[in-house]
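Both of the next two complexes hold chain A, though its partner changes from chain B to chain C.
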Partner chain A sequence: MRAYELIKETFLRRRSIAVIHLIWLVLYGLFWWLFLPDPEEYGRFLLLWGGFLLPLALSAGILGDDIASGRICLLVTKPFWAGELYVYRLIGLSLQGAMQFLLAALLVFVLHTVTRRSSVSGLGLWLFASWLLFNTVAALSTSVSVVIRRVHNSLLLLVTFLTGATVAQILISNLSNHPLGTVVAGFFRYPFPPFELLRHLAKGDYARESLSLGGWRIPTSIACVGHSLILTVVYAGAGILLLTRRQFSGPRD
Partner chain B sequence: MGYDGDLAAVECRQLTKVFRRLLARRTKAVCALREVSLTVHPGQIVGLIGPNGAGKSTLLNLIAGLIFPTEGQVAVCGHPARSVAARRNLGYMPEHPVFPGLHSGRAVLRYHGALLGLSAPTIQHQVEQSVQQLEMGAFIDRPASEFSQGMKQRLALAIAMMGNPRLLLLDEPSNGLDPVGIVQLRDLLKQLRDAGAAIVISSHRLGELEKLTCDYLFMHHGRILSFADKAVAGQTARLRVELVSGGRRVAETLLPTSQVLDASDTALVLAISDPDEVPNIVANLAQGGARIMSVLLERENIEETFLRLCSEGT
Partner chain C sequence: MTKLKRRIGVWALILVGGLSLESWALHTLRPSAGRWRSEAVVKDEPVAHALYDQMTATMRDAGSLSYECTYSSPGRKAQRYLVWLKKPNYFRVEAINARGARTGTLVGDGSHLWIYWPGECPQIDPDDKDVPPEARLNLYMMKATPVGRHSIGHEVMNLGPHMPIIDPSTFHGYTDSLQPYIDGAAGRGTDRIAGQECDVIEVSIMNAQRTWFFWISREDHLPRRMKQILRWIGTSVGVEEWSNVALGSDIPKDKFVWSPPEGWRQWIPPDPETKLLKPGQVAPDFALRSMDKGRIKLSDYRNEIVWLYIWRSG
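Now for the complex of A and B:
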């Protein structure tokens, strides 16, 4: 009952949530209809639009709204571990992402069937990669929402990502022939949401590659999925730690 | 306070709370509560009284486990505040209740029942009971975000009462309530107290607290000025004696200076600690030649007690 109510609340907490889902679906359809993209172009659009921007839009103020309004005081005085509040909110977001990508797949399939234009091959992998990225960004945004009030968590992350991506691009291109280049690329690639790794995964670049770990050979695509999941858990763990240790108060007179 | 032998609903020991902003200088720290100790037993209503910034809400927040004490300890029904076990016994009503936008009042109640871990039939029963007790039938199915302040207060109280907690923490519960609502609130709190619940109320409405026959905790600048039950709070009384004339002379010659609070030619205001002293005082004045017109015993009300304690404490 508790889990169901807390998950359901992520859908119903703002009127704008339903509007966001609708806008995103319309844009998936419009992009296909207007630009007739090939699967890779469409996949990259899905990864950016659904994997990155959608979680930022859906998680805006996911905990920050409650903290700013003082409603969190009613929630955290209930007899359950405060971390559950975080976990079920994140699961609610993840389910919304899954629902959105399933609807997007259905929409594209219908458009493709009706118009007989472009191709849908490999789209499933792009949708899966987008959902993995969605979860990672949603966890990061939810954790930031524990300490940043209202919807500023999403705005902060958007600005930080745009700035960080630009800086990373400049650094990596300038250090392309320098030994430090690998270190810088690794710094930007592994601890932050894995756009690049998931793009390669969805393109199928890792289909025949494997990594050696001890005496084991692990397919790179599995390692890539594992990396994304581990990042999600690490971001969520940090958020849970902050939530269970922070203090709350209602709005002041 | 009494009730020794019972497990205390709230036990605060030497609580100190200092609010310090991140990266701010030490001198900017605000000490909201200083070495406060308090015990509240089942069946007891304690009213926290004090001006803005006295530390009432801070004390409630510490008991609710919303904030951590800088020093000292808080236990709720024998469990550390903020623990899940403590929250099982706790009902909390904030000063400014906020509810999710798209939910009706009834859905909000069901939602909080689910968070408490109650079964669906129990939630249904408690929702209907609360709607009846707090007379919310006319508006309970409307969106909670459209509620007036009084409706929000009733809903917040219903949420706090769900699951029949052993301890109720109420922050300004009568804010925005109409006179009928205030009377209902008072009756309801008395019923809960009689059923064995401990209730801690923070309120600026001293008259309302007085009618609840509760015990008072007078707070000022983060300290407890006085901890008094109703009898003690009302003990300080004044005797107003109306005279035909010569009041000042009578005060100087017949009464000890410490007893005279105010003296004019036609009236005397005297401090008395025991109403049984009144006949003796009147007889003494009459024998001394005072021409008495009327005698009125005035008890100090809670507001006057608080103002007196504040002026003594500052």
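Now for the complex of A and C:
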């Protein structure tokens, strides 16, 4: 019952959540209608808007609001374990993401059937990759909201990612012929949300275009999915640790 | 204490399991630097080589052949080609991009080939201000096609960004320039592609500068999938898949007929010689990636004699 209530809260905690879902669906439809993208273009759009920006929008203040209002003291009162609050909030976000992507798939299918244009082949893999990225970014954002007040967690992550991506791009392109380039690329590729790896997964690169032959289809794809899930767990673990270690005494938190 | 020990044990197990899984994932996902060329050179196996020869012979001996091939490579959009081939020297290739739009057609009527595009001629530099937009439309190319001595594969580059791994001209008796440089062919087991049982072979060329994998159908000895790995400064991978393969079917002759509609103009590629530097002209500075020294610039060799030797691998 508690789990159900906490999960339901993630859908209803702000009126803007329904509006965000609606806006995102409209954007998916408009992008398809106006640009008639091929599956890869549409998939990249989904990965960026649905996998990265949507969790930031939905998780804004997911714990920060309760901390700022003082309600967190009631929520984490023993004998309930504080980590449960985090886990159920994250599950709620993940369910929102899954629901959003299913609706996006339905929308695209309807548009494709009506217009008989473009193609939907391979879109399922893009949606799956977007959902994996959604979970990772949602976990990171939820963890950040434990320490950042109100809705600033999303804004902070957005600015950090944009800055980090720019710096990474500059460093990697300047160090392309230097041995340090591999180290820098690895630094940005593995500990942070796996945009590049999931993009390769969604494009089907792991299934067809690895260098070796024999048993090369499944292991690399599983490794990518596994890495994404482990990152989600690591981010969530950090958030749970921070939440359980913090002492909440009232509205001044 | 026992409960605490059990809890610690469970968490330790989870931690070790998670770390192992993540280590394996990172190892599997590491960017592949490519196999060492020497490891990639294939030792010839007579059985596998016979399969390769049989595939070539099947294409050469057929009276007609049609198939659909999709070529894709990482970072680039897939390109589809519809191919019809008929003896003695007829062919047609239609190029379709990832959105399903036709991007160009190549028709061989027995003595000449014709290439035409639905929109602008893609061979004209989009930044070339000397060519107005209206002059880029309704253009076609025409070339003579001596039997067995022209390459459809190279002409296909005028339709799309990818060159087929197997040159369709093999059907007409053309021999790929890479054939004399095959190191060997080796068997790599069997696989099932689109419901067809296939023998898989690996062919390396020029000391594994290039590797081909073929999934050859046991039913008609024609490929259903091919993978090409090019090892040069970087490594590039391309995959080509065949479907709707029809051997010996009756292809109507009007498939291989085309003549330019009224108002269309022949486009002749500009002579590359016109863009060469003239003696005494100052060379522009440029930088290139070296195999082992990072970036080298022409200006690094100022006041020295520089010999530019430009060669093509494969």
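Annotations
Heads up, the rule we're going with is that the second predicted complex is superposed on the first by the 239 of 253 C-alpha atoms of A that agree within 3 Å, B and C clash if a C-alpha of one lies under 4 Å from a C-alpha of the other, contacts with A are read in each partner's own complex, and residues count from 1 in each chain.
We adopt the following convention: contacts are C-beta pairs under 8 Å (C-beta built on N, C-alpha and C of every residue); 3 or more make two chains touch, one makes a residue touch a chain.
Predicted model, so just to flag it, every value in this text is computed and none were measured.
Touch criterion met: A:R15 reaches chain B, while chain C stays clear of it. Once chain A of one complex is fitted onto chain A of the other, the partner contacts of A:W81 are limited to chain B, with no touch recorded for chain C. Of the two partner chains placed by superposition, only chain C is touched by A:L36; chain B is not.
Of all residues in chain A, those touching chain B in their complex are 1-2, 4-6, 9, 12-15, 69-71, 73-81, 247-251, 253. Of all residues in chain B, only 52, 57, 61, 64-68, 84-85, 87-88, 90, 92, 94-103, 111-112, 114-120, 156, 159, 171 touch chain A in the complex they form. Those residues of chain A whose C-beta lies close enough to touch chain C in the complex are 36-40, 117-119, 177-178, 182, 185-186, 190, 197, 200, 203, 205, 208-214, 219-220, 223-224, 226-227, 230, 233.
Residues of chain C that touch chain A in their complex: 18, 21-22, 24-26, 28-32, 34-35, 72-74, 77, 97-100, 188-189, 200, 202, 213, 227, 229, 235, 237-239, 289, 294-295.
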